[in-house]
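Heads up: the structure comes next, in structure tokens.
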Amino acid sequence: MRYLSKLAAPVAALAASPAFAQAAPTVDKGDTAFMLIATVLVLMMTIPGLALFYGGLVRSKNMLSVLTQVFAIVSITCVIWVTYGYSLTFSDGGSMNSYIGGLSKAFLRGVDYNSIAATFSNGVYIPEYVYICFQMTFACITPALIVGAFAERVKFSSLIFFCAMWVTFVYFPIAHMVWWWGGPDTLAAGATALAAAGTDQVAIDAANAMIFANGKIFNWGALDFAGGTVVHINAGIAGLVGCLVIGKRIGHGKEAMPPHSLVMTMIGASLLWVGWFGFNAGSNLESNGITALAMINTFVATAGAAVAWLFIEWLLKGKPSLLGMVTGAVAGLVAVTPASGFAGPMGAMVLGAVASVVCFFFCSTVKNRFGYDDSLDVFGVHCVGGIIGALATGILVNTALGGAGIPDYLSQPGTLQVAPYVFSVAFMAQVKAVLFTLLWSGVGSFILFKLADLIFGLRPTPDVEREGLDLAEHGERAYAL
Amino acid sequence: MRYLSKLAAPVAALAASPAFAQAAPTVDKGDTAFMLIATVLVLMMTIPGLALFYGGLVRSKNMLSVLTQVFAIVSITCVIWVTYGYSLTFSDGGSMNSYIGGLSKAFLRGVDYNSIAATFSNGVYIPEYVYICFQMTFACITPALIVGAFAERVKFSSLIFFCAMWVTFVYFPIAHMVWWWGGPDTLAAGATALAAAGTDQVAIDAANAMIFANGKIFNWGALDFAGGTVVHINAGIAGLVGCLVIGKRIGHGKEAMPPHSLVMTMIGASLLWVGWFGFNAGSNLESNGITALAMINTFVATAGAAVAWLFIEWLLKGKPSLLGMVTGAVAGLVAVTPASGFAGPMGAMVLGAVASVVCFFFCSTVKNRFGYDDSLDVFGVHCVGGIIGALATGILVNTALGGAGIPDYLSQPGTLQVAPYVFSVAFMAQVKAVLFTLLWSGVGSFILFKLADLIFGLRPTPDVEREGLDLAEHGERAYAL
Amino acid sequence: MRYLSKLAAPVAALAASPAFAQAAPTVDKGDTAFMLIATVLVLMMTIPGLALFYGGLVRSKNMLSVLTQVFAIVSITCVIWVTYGYSLTFSDGGSMNSYIGGLSKAFLRGVDYNSIAATFSNGVYIPEYVYICFQMTFACITPALIVGAFAERVKFSSLIFFCAMWVTFVYFPIAHMVWWWGGPDTLAAGATALAAAGTDQVAIDAANAMIFANGKIFNWGALDFAGGTVVHINAGIAGLVGCLVIGKRIGHGKEAMPPHSLVMTMIGASLLWVGWFGFNAGSNLESNGITALAMINTFVATAGAAVAWLFIEWLLKGKPSLLGMVTGAVAGLVAVTPASGFAGPMGAMVLGAVASVVCFFFCSTVKNRFGYDDSLDVFGVHCVGGIIGALATGILVNTALGGAGIPDYLSQPGTLQVAPYVFSVAFMAQVKAVLFTLLWSGVGSFILFKLADLIFGLRPTPDVEREGLDLAEHGERAYAL
Amino acid sequence: MKLIIAVIKPFKLEEVREALTAIGVQGLMVSEVKGYGRQAGHTEIYRGAEYVVNFVPKVKLELVVPDNQVAKIMETLTNTARTGKIGDGKIFVLDVEQAVRVRTGEAGEEAL
Amino acid sequence: MKLIIAVIKPFKLEEVREALTAIGVQGLMVSEVKGYGRQAGHTEIYRGAEYVVNFVPKVKLELVVPDNQVAKIMETLTNTARTGKIGDGKIFVLDVEQAVRVRTGEAGEEAL
Amino acid sequence: MKLIIAVIKPFKLEEVREALTAIGVQGLMVSEVKGYGRQAGHTEIYRGAEYVVNFVPKVKLELVVPDNQVAKIMETLTNTARTGKIGDGKIFVLDVEQAVRVRTGEAGEEAL
């Protein structure tokens, strides 16, 4: 998702802007077609994609537990989303609006197949049902990302409870704060009203209220095209907290715990890449040149990252591994997520490579140094990669670096302009967003993990852990070859 | 596919309707783009989707036999479809028209890349080649669904013969009866003619002939948006008949026959969900709000069903299993298929949950009670789920329940109106359609199985069955790890 | 990609043509949506598609090496493509233009999200970024196809070096020669200029220069809709050369080397089919009737081929095998690639069946006869199938055989006409293209393999080969069940 | 004590295990083996390549039992494992000098 | 020379191997087996079908050692493999008449 | 009768089997084992984690043969299984007291 720059700059600047006549909202079947498929792609990147990427890395006795966790999280989040999640995230929260939405759209009240949702172009809309589904897939994958951090040693009951709480108290608020806004036409109307208001304070306040009725972080002017903050940093830090609260796997560091099927991991990684185009390009909500930009960035950043990890591992560890390369690819995907619609291809490629190297360092060195057991490197890849991407977005958006520039919906209401780039402003907004998310999700997740532990107990008995969660918790075996 | 309501109501009502000027047919590239991809999605849900979902559930010695059966059925049905299947299903059958189409389009005669096919909106068309492909994928997956009922114990030769016969004598007729109609513009023209006809009986008859030149079940006014009847009930009952005719697997009930790879089953289930959006949303033939409705319904019904099975199994059997959850998801997908474009999201979610619980009961209790060996629960999930969905569609379509309402192309020719909902009428139409399909497919399948048995013998020798079909019938092994 | 016929015919014929007013270029969101997704599909057909299709066929000790090779080739080629590959392939090469493009677009200089690329319809364009991505996926899969020919016995370092060189010196030139042209509007402008030129030789030359500023093979009038020559023959012959230069696997012919997982191979084959729709239909660059034609051809040719192999193997070897059927499907996909937008469905179906039978003969008889160790039949399927398809295209394009006809952009500038079909002309163009490609790629590949051998050594030590490339070269194991 | 090694057809395993339990056998080890013998193998064809596989999947049972039970067990084994078709398998008896139960350290027949 | 066969719990393998190496054992064979004994199995449920699995995964160690080392090895095995819970496994000792090292043809204890 | 246990390198299996058949061996059992011995294992790296694997894949042959054939078989085994490189494996010989063919109930050498 994009945002409006001018907010940072003095709104007075608007006075100059010409009056603007609202264009009748149009829905293009091409946009709808693209968004329908983009949504499907994001689902595919979660199931089977993410499930296999994670599942392949655990021991076969825990394979099904991972698959079950991911699939269950997706299903339960779907139910929560249409019940109250969408409303809490994407509706006006009244007095609480800068933190969370309201319940006016609970059970999708008032939405039908004629309802439409705004895109990032004035006058261009898509069916609201598509928007709800697309956003739903984001809500589904985010908690699923977390489970990798404490795979092979968590109680299913506990996990399900945690995830339901987590989306409610961590994901929905953050998503609302970063992505909820009135849309281009509201801003245009607001700007016009402001211009017309002259010195009439009441009118000025009304207009400003209209312009600023957005999420807190959005109003800071932070950029997050497809969810670097909302999805990856958010889930990544929750994962770290989780693996610390739950503790290490029995035998961690002592027994060998090789991935039981790198084939599944490779399939998963590939589907993640494939599906990620729905994730990043789809985040443009339209089918146009910016969408294409998001796509090419998602290609080159990932490729650059995969190649970077491949070679650095070859150099430092002596052998180029498949697991290393695909991990790099995922790191690149994570890093480019917030930047996908803002950076230029060359910037994105460099970003991918850099993120890959840093994540390599975190997964292979930092983790061992501190000895926490982030089983599948959720923190090392998603949180770290997400932070690098979020910060880099504030730099690469600069047109001078081939970026698409900071969108500005206000200076000329009804049109999309590029705002002048000011490093300090753009970069600080990113820093604030990152820190805020780390804090909110870190603290929130800690509380929720403790709560889950209190109620259900987070960890299975040692015997269960030894036997494997598949048989003990789900009564099934992954393979009977 | 949708249908026209008014047929049930007195056509006289039309007299009032205003004259209508046929709009020039338009083809939107957005619709075309969506339908192209939707078609691809349905193929993917069959291969590898369905093949893996089924294959994972059999013993490894029979894995390849299942994969081969599904892939072969898809390929052979493609060939049959373009040869005569499409024509028999989607062309006018003259005197036999209420039961089956004609051969005017055999070998796709007369179709080229400029030919267009009607959608459900007046004046909106798509390239006929896309329509042919989309419908082809439906014809391909339906017989493939059947094989699960008697997996691990059927002769390949026999099965291939059966499927070729089955699509010809069961699928094509049913599909024609449910889905063949003149299209919105024909109805509009007919209605206008009728209105103009005044008391001229000849003209009235001509107009009515025009309006009613549709499949039998379609004329009953039965609703089947994406194939609950045509695909799932149809295949489900054929499966039941098959497993009864062929008999139980050697060792059934005595030896343990655990799924050889629930990982494959999970991948399959996920791809089924992913691909099903092409199946359900694609059935709208356009890329608009109704398509989006079909999509969100396909999300929530499935999620609701997965969650329902997960928890009821947890409650009654003590453990929440992956296989249970994904089976529930499929049950939800089946149930929402006929309702996807008619029900509202909340209705769909409840429908999914209910269907899931009923299917759970059939797979875990009824099946054991009666002791038939429906290896992969084709009957318990597809037939039962399909029936629940078909009947529920007659209820949930009601706008009062958040449904989209019964489409009416006649009262105001050239426009799509919502007809007043009359429970008895709507529901009875569904009941009739279900019973008719059960009968036609049940009897037809029985005859064809017996025929196959006569000619090729349905069942391999006990030694072959013991050794496994992979080596004995296909000369290959699934795994050499 | 299509091409312009008239080039073969005397250009004087143009004199007659009416003046033509350039239409303003339009970008349709439906086209963009389709091309975005088509691109994703081609990626999916490579990873995980091709990787699994190949990987399943090797012994488990080499599984990861294959997956790593394919994934690495894709990533590295992406990087090369945006760096200089796209420019070398799709920009004007000045004096060298008939063989290779220039460097004007290196690092995508001058391309941004507003840039557009021509399609095959006058005045219809798509965002250039989409075009770059779509073409990139072609550049990625082609070298990946080669590795199958010498799987299980090549050094990773060597292979990576070879592929980087190969795309640069073999793929980019061939792709440029076959696919680089000015686009419909340039031709229209050229034709108009020519018509206006009258007897003014300078003007005539200028106009002709404009019309003929295309790749060499393109100017021959060779037809290659989606890459039969550029992708399959090109890669297929390189594979043969490779397996001859590298030599047989240790134990080839003596030890049993059964596929380690036909399940993976089947998943791969299915995803190849699924993704191939992006490949073939996407090659039309638009979302219209021709795209639909390409789709249906890709369905029926593949189905026909799968069925053909299934039955001929059943007949000659006694058993219908899954591997045989899916190999047939791939052979059909390969063969229909160049013909997909030109042939009619019935022609395509026959083409698929014929190609399948010929490939069967090559894989089962010719290969054993000559005793070369083309591990995964890259030559037998891709080169042979590609040649059959390329030649058949010259025949099936004939409207008399239900083909779409040879496009002609010149006789009536600004419109797309069908040129009269002349067998000799059409067929010879194909023959020339095939021979030229075999020669260029054959010789080029030989040199590059020798070079790689000199620098890195192509082949690992016998001990490494015995232990398996996974552990020895990548330090990983595919499975730890 | 004796070590009884029995190679049988895989699908007979459950039946045999139950029969043995019935006559008081309290423990055994089962492993999957590839058997070579009179029973013919099979041929696999992968595109051009044909492989003759001479091995047949079998399961091997190993159980250590007190001398006095050997006869009874042998009889039970032969009766339950027999199908009368080639490939039914073999039973071998070896002498065991010592047995120990890890958990308790008990030695000799108590360990069984 | 004696053949020592030990059935133990899988997760004990590494520990045991190290302990044995420590006391000078230079070679052994490990295979995965399904064990049947006092230790209870588990139940699996797949939709309608419920299966009771009586077998427990174990690993079997086989090592041939000089007579004089048997006692020490037995002791090490029991101590390291023991968890005190049911299912710890057994150790059996059989007599070996001859041993040969393929590489060199050495026979007897030199071959070990 | 004797039980010959041979541990060899996997890729030698076919060659050895043929050689044994050639000298009249009519049956045997093959199982995959992890071997530990002088032959070095390998190291695996997965992101941060490094594992040293001390076991090497081997196959174990078990065949029961009449006493008079032991020598010949031992010789054939050593010759065909030998590569001269470390890790070629071992051959052990144990005494077998009894053998029975399940199908027929034949006992003793007839059973082999």
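Annotations
First chain written, first letter: the chains are A, B, C, D, E and F, and each begins at residue 1.
Everything below uses one rule, namely that contacts are C-beta pairs under 8 Å (C-beta built on N, C-alpha and C of every residue); 3 or more make two chains touch, one makes a residue touch a chain.
Fair warning: this is a prediction, and the values are worked out from it, not measured in the lab.
The chains in contact with chain A as well as with chain E are B, F.
The interface holding more C-beta pairs in contact, when B-E is weighed against A-C, is A-C. Note on A-E: across the candidates B-E, C-F or C-D, the interface recurring with over half of the contact pairs conserved by residue number is C-F.
Annotation: 18 Å between the Cα-based centres of chain D and chain E.
Each chain gets a centre from the mean of its Cα atoms; for chain B and chain D, those two points are 50 Å apart.
For the pair chain A and chain D, the distance between mean C-alpha positions equals 56 Å. Touching of two or more other chains is recorded for residues 28-31, 33-34, 37, 256, 258-259, 261, 267, 317, 319, 321, 323, 475-477, 479, 481 of chain C.
Shared contact sites, meaning residues of chain F that touch two or more other chains, fall at 31, 44-46, 94-95. In summary, the structure contains touching chain pairs A-B, A-C, A-E, A-F, B-C, B-D, B-E, C-D, C-F, D-E, D-F, E-F.
Interface residues of chain C, counted against chain B in their complex, comprise 28-31, 33-34, 37, 41, 59-60, 258-263, 266-267, 269-271, 273-274, 277-278, 281, 286-293, 295-296, 299-300, 302-304, 306-307, 310, 317-323, 325-326, 329, 344-346, 349, 404, 479, 481.
Touching chain E in their complex are the following residues of chain D: 3, 17, 26-31, 62, 64, 94-103, 105, 111-112. Those residues of chain B that touch chain C in the shared complex are 27-34, 36-37, 39-40, 43-44, 47-48, 51-52, 55, 63-64, 67-68, 71-72, 74-76, 78-79, 82, 107-108, 112-115, 127-130, 132-133, 136, 156, 264, 267, 473-481. The residues of chain D lying in touch with chain F in their complex are 2, 5-8, 31-38, 54-55, 58, 60, 74, 77-78, 81-95.
If you check the complex, the residues on chain A that touch chain F are 57, 256-259, 317, 319, 321, 323-324, 327, 363-365, 367-368, 377.
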